[in-house]
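The first chain written gets the first letter, and so on, giving A, B, C, D, E and F; residue counts start at 1 in each chain.
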């Protein structure tokens, strides 16, 4: 039995609130149950140095957690003077995942920065960040189209992300914190609406997992991603 | 005329939402119009080194802004590797202000950290942080009383904060961003429910201000603080 | 009684020594009793990025204390790798205060950096820094006029600063360290020769202060500022 | 055709040289073709703070590249004052992978740090680091057994790592730099001698990959891991 | 001819002012002509971790320059967030030199930190720092003897330092800035009152120097050191 | 007797392996007995800002030690976020020394960075770095001549370096770690093939040394340098 009483193939309540704050070109509050992340997408009309003059754009991401988004207060990274290894890992993952949703050539020489800030954490903050970040990104791109910064939509597919794992011997989807802290295996999947993979990151913190368990997790992941992409479509009114 | 159409002695809509997130002992969303700040108060049963063994507690504060809480995206302080001078100034002000609300001896050897994170900025983030931070602090202290960590309420007075300024020659209260960016003088007041001062910070970025203007601003400030403390009382159900 | 035996409205001995070191365009040793600060003003013919091409100048300030300027040795900020919060607060205050003395348009595209380095501390280092920094700034501007870098004097008023406070129930001016460490209220005023305010920063570390106490402190401050500006005029031979 | 002329299922020349430097308890030079990494394992008789008093040990890893291990010189991370995001990601991966080889309870309150320093890079530095790091770790554990620091071997399985990818439409194993820079998909696998997974990290930098491609890569990976573990066994004389 | 008109074996005016500031156990202003350095020695009753419990003391040094001690303003190291390579080199040299003046066993478990802060620079700041630092150190040790912290004088010899160089083909002593910036060879000597060497640091920035030139510089250095030690003795009233 | 059984004027086995790694324009493994350093020289066609447009080149050096190059593991400087004082001192010494081998005008607007990374340390890492760094530098310059980046050889002399010291009362050359850790005096010499000095750095960590001891060390140093330059010539096939 899962601590939350959910079935193995049951997602938490997923909510996507667009236009959550007023300044950003795209601004989304995404909730995976008690995990709440503000995702904003900010457009700038320049690209990083290594891309200058190549006629293409860039998508990057930054990630942070409010100090008391967690059960006990974490030190503030700005005060400690550096981002921790986990933060760096997560924001690189988000950036790579969202870049795969966009034809960077079609984007032109613009940068979009997706900031994912966790207001409340209960497991799955990186998967919520990618899934919500996609919607913020889509809104920012819509804003660029409406303001004629670009004329052709550079989005090439939907991107969503889910965690799957093996909890007490059973493969489950969308791990919450009590599951995440006690599962044998934890895998994060980032996939497209065509069922293709953008990222697979599986880690056996305890016991190594077998090819059979891998397959079961991949199957669950596929189902979850399909439902998340439906939620994205619904939110975007598409 | 004020850009917002408000009267000189008119506050923006003030909203205080308690229990905004679930982990912190005190968690408040405060809104001064479009300025929105999450204030959490976190209790720890130890004090900083310089106070150890002295039988008293400590209140400290940290302040941050989400990168896109503002009109154009600001660099993330955690990524830049240091907190800027403005951030340091503000969080020290919040900390001093809230310490003045508490009898630190009565608090005992506990620390309370008040984190003020700006979700959306439209002027007055520091005054909203102090005013909302007080409510989060009060909730955290209530939690300590309920869980028997302390037996006597160490709160000694209400603390609230407001900005006042001279905008196009007229003293006004509760400056929003368009006013803040264009006023001659900007003063932040932190006061108690007895009409006493905890902090006065007045700055003439442009033209120095006269004793008469100072007095007019202090009078407006007093009115605003009284109304904010009413809002705090109402929120706390007192 | 004040620890030093001074009357409540009595300043410490104030000494201003110009041309204290040889390299800077303005170089002043200012002494408020045992508090000694070297203030140098350095001229550069460029402005920070955010002002480039706007036809105006900039004044900025930096503040430091020699490690053993104080009773017990403080860690060197350069060795610790960052400036502390108090340092940042003070240098921003000095910078804002001195900018109010100058018509930045008339200064043209030059920057003047005022460095205030405390050689010996006994309370009031920030007020001494502003008061002495003004003289160094005036000397640097004179140097610019003499060397024809500018043709019109951009100084628009004198600026001086004093601390006032409530010590054992009595309002006093120019607090030294034993008073500063034990007073109920500490307020730093920055004012012009016309009796107008540039900065008011009052803090009740212990007991909040009343409007009456505020008024008494403002009255003392006005007297002190007038005397300090006389000292500045005398030093500058005006 | 692969740039190196290798068959899709062909590894580069793998060499493992033990006792490469004299100070470390385990010291290995591992070569995957032109990729050369020095892996040292250092034993300390204490554990990080979060594990103290729990009767278990810890394995951690650090990773670095000599500035000119690459085609053009990279800035030295020590000089820039921080480890880059890629470095952090890789060293966390190495640490997690090697911890999965050891029963940390059986290790007792010792820490082993595995340093992987790339002398020459030609693709696959992280997989070489894990594969060679395992041998250094095994040597350090043998040293602990010989010096009676521990009495029971805490190694529970072999761990090795390989990259697999899709290069010009063909799944291949052990990508070198020219392949790595141009492949559609890059996946790093960390597996045990029982064919179980410790880590799967697959990234589609360009085109998302299908479940069929994933399966083909997993099959190649399994073959490669088996051969690498044979090389480890041979090197260790087992 | 030297730019200053001095003879090759002529020192600048050397002045040593003791008790220059009031807080430090030893506080000296040393002047080598226009080079002015404040040297303070601060006593603490604990030693660095690596010496704890070994019954011996430690002498360390820190060095800094006020930003406008030089012809053009240097960035403040505290603001840049790190001490430059030159600073680190110099303060390590000062520390090693002064440690050679003291029997660290006889000092007991005390640390003395000698801070050398350059108020005005005109060449030779490191040699002035060592020569003045010795006097501050002697005063701090006298203070320890007077306050009975130690009962036996741990000073074992005088230590002074001078620069010698080859300027336009002629060996000269005590280089000022115009010479230092244009000399072929620059050597700093640290010697005892018995004519023995503590440090020799010679650098040929331009043309390598011959054994004959080395000998000529050593001879000049010996003369200069003897005169500096006379100045130290005179200042200390010995 | 020396711990190694060597005669006082006996070098350790010196080995110089060119083309040690494949990417750098110059790449050398130098061994002074058990001390092993990889020296690479990297050419870039730009100079640091302070030299831009002056028609001359620059040589700089960086130094590092692998964490377990030493008897007990040292913290990795990249992880600690700064280079230690010893590292900074050494890399500045290497840079100055190698610049003295080159006519920077003849080099033209190119930079050469010599990276010296210690793989295994047993005393004398800085002297090995300079001696091996020279060979890497010569190879990089040869590469520039061959690829027609420059047309005239800018090398003006050989540069090599050796440590000499007084060990148990006897002057010795080429100190290994057991000697280095226990000698009274340690001096590093950098000299040219004409027997001239580029750097002399002598330090009496314990007892000051006499002019006679200095002379004995200089004599030994001269012999050692001559033999090292022979080794360099032999390696370079000259």
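Everything below uses one rule, namely that a contact is a pair of C-beta atoms (placed from the backbone, for glycine too) under 8 Å apart; a residue touches a chain by one contact, two chains touch by 3 or more.
Chain labels with UniProt names: A, B, C, D, E, F = Ribonuclease PH.
Fair warning: this is a prediction, and the values are worked out from it, not measured in the lab.
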Review point. If we look at subunit E and subunit F, which chains touch each of them?
Key: none
Review point. How many hops, at fewest, get you from subunit C to subunit F via touching chains?
Key: 2
Review point. When the C-alpha atoms of subunit C and subunit D are each averaged to a single point, how far apart are the two points in Å?
Key: 59
**Study point:** Centre-of-Cα separation between subunit D and subunit A, whole angstrom
**Key:** 28
Check your understanding: How many Å are there between the centre of subunit A and the centre of subunit B, using C-alpha atoms for each centre?
Key -> 33
**Study point:** Separation of subunit D from subunit E, taking each centre as the mean of its C-alpha atoms, in whole Å
**Key:** 50
Practice item. Hunt down the residues of subunit F that sit against at least two other chains at once, touch-wise. Key: 81-82
Exercise for review: Indicate which of the five shapes (line, ring, star, complete, other) describes how the chains touch one another.
Suggested key: ring
Exercise for review: Just walk me round the ring: subunit A, then subunit B, then whatever comes after, in order.
Suggested key: A, B, C, E, F, D
Study note, to complete from the structure: Within the complex, subunit F is touched by subunit D residues 21-24, 27, 34, 36, 38, 40, 42, 44, 62, 64, 66-73, 76-79, 81-83, 87, 113, 115, 117, 119-121
Review point. For the complex, which residues does subunit E have touching subunit F?
Key: 82, 85, 88-89, 91-92, 96, 100, 157, 187, 191-192, 194-205, 208-211, 214, 218
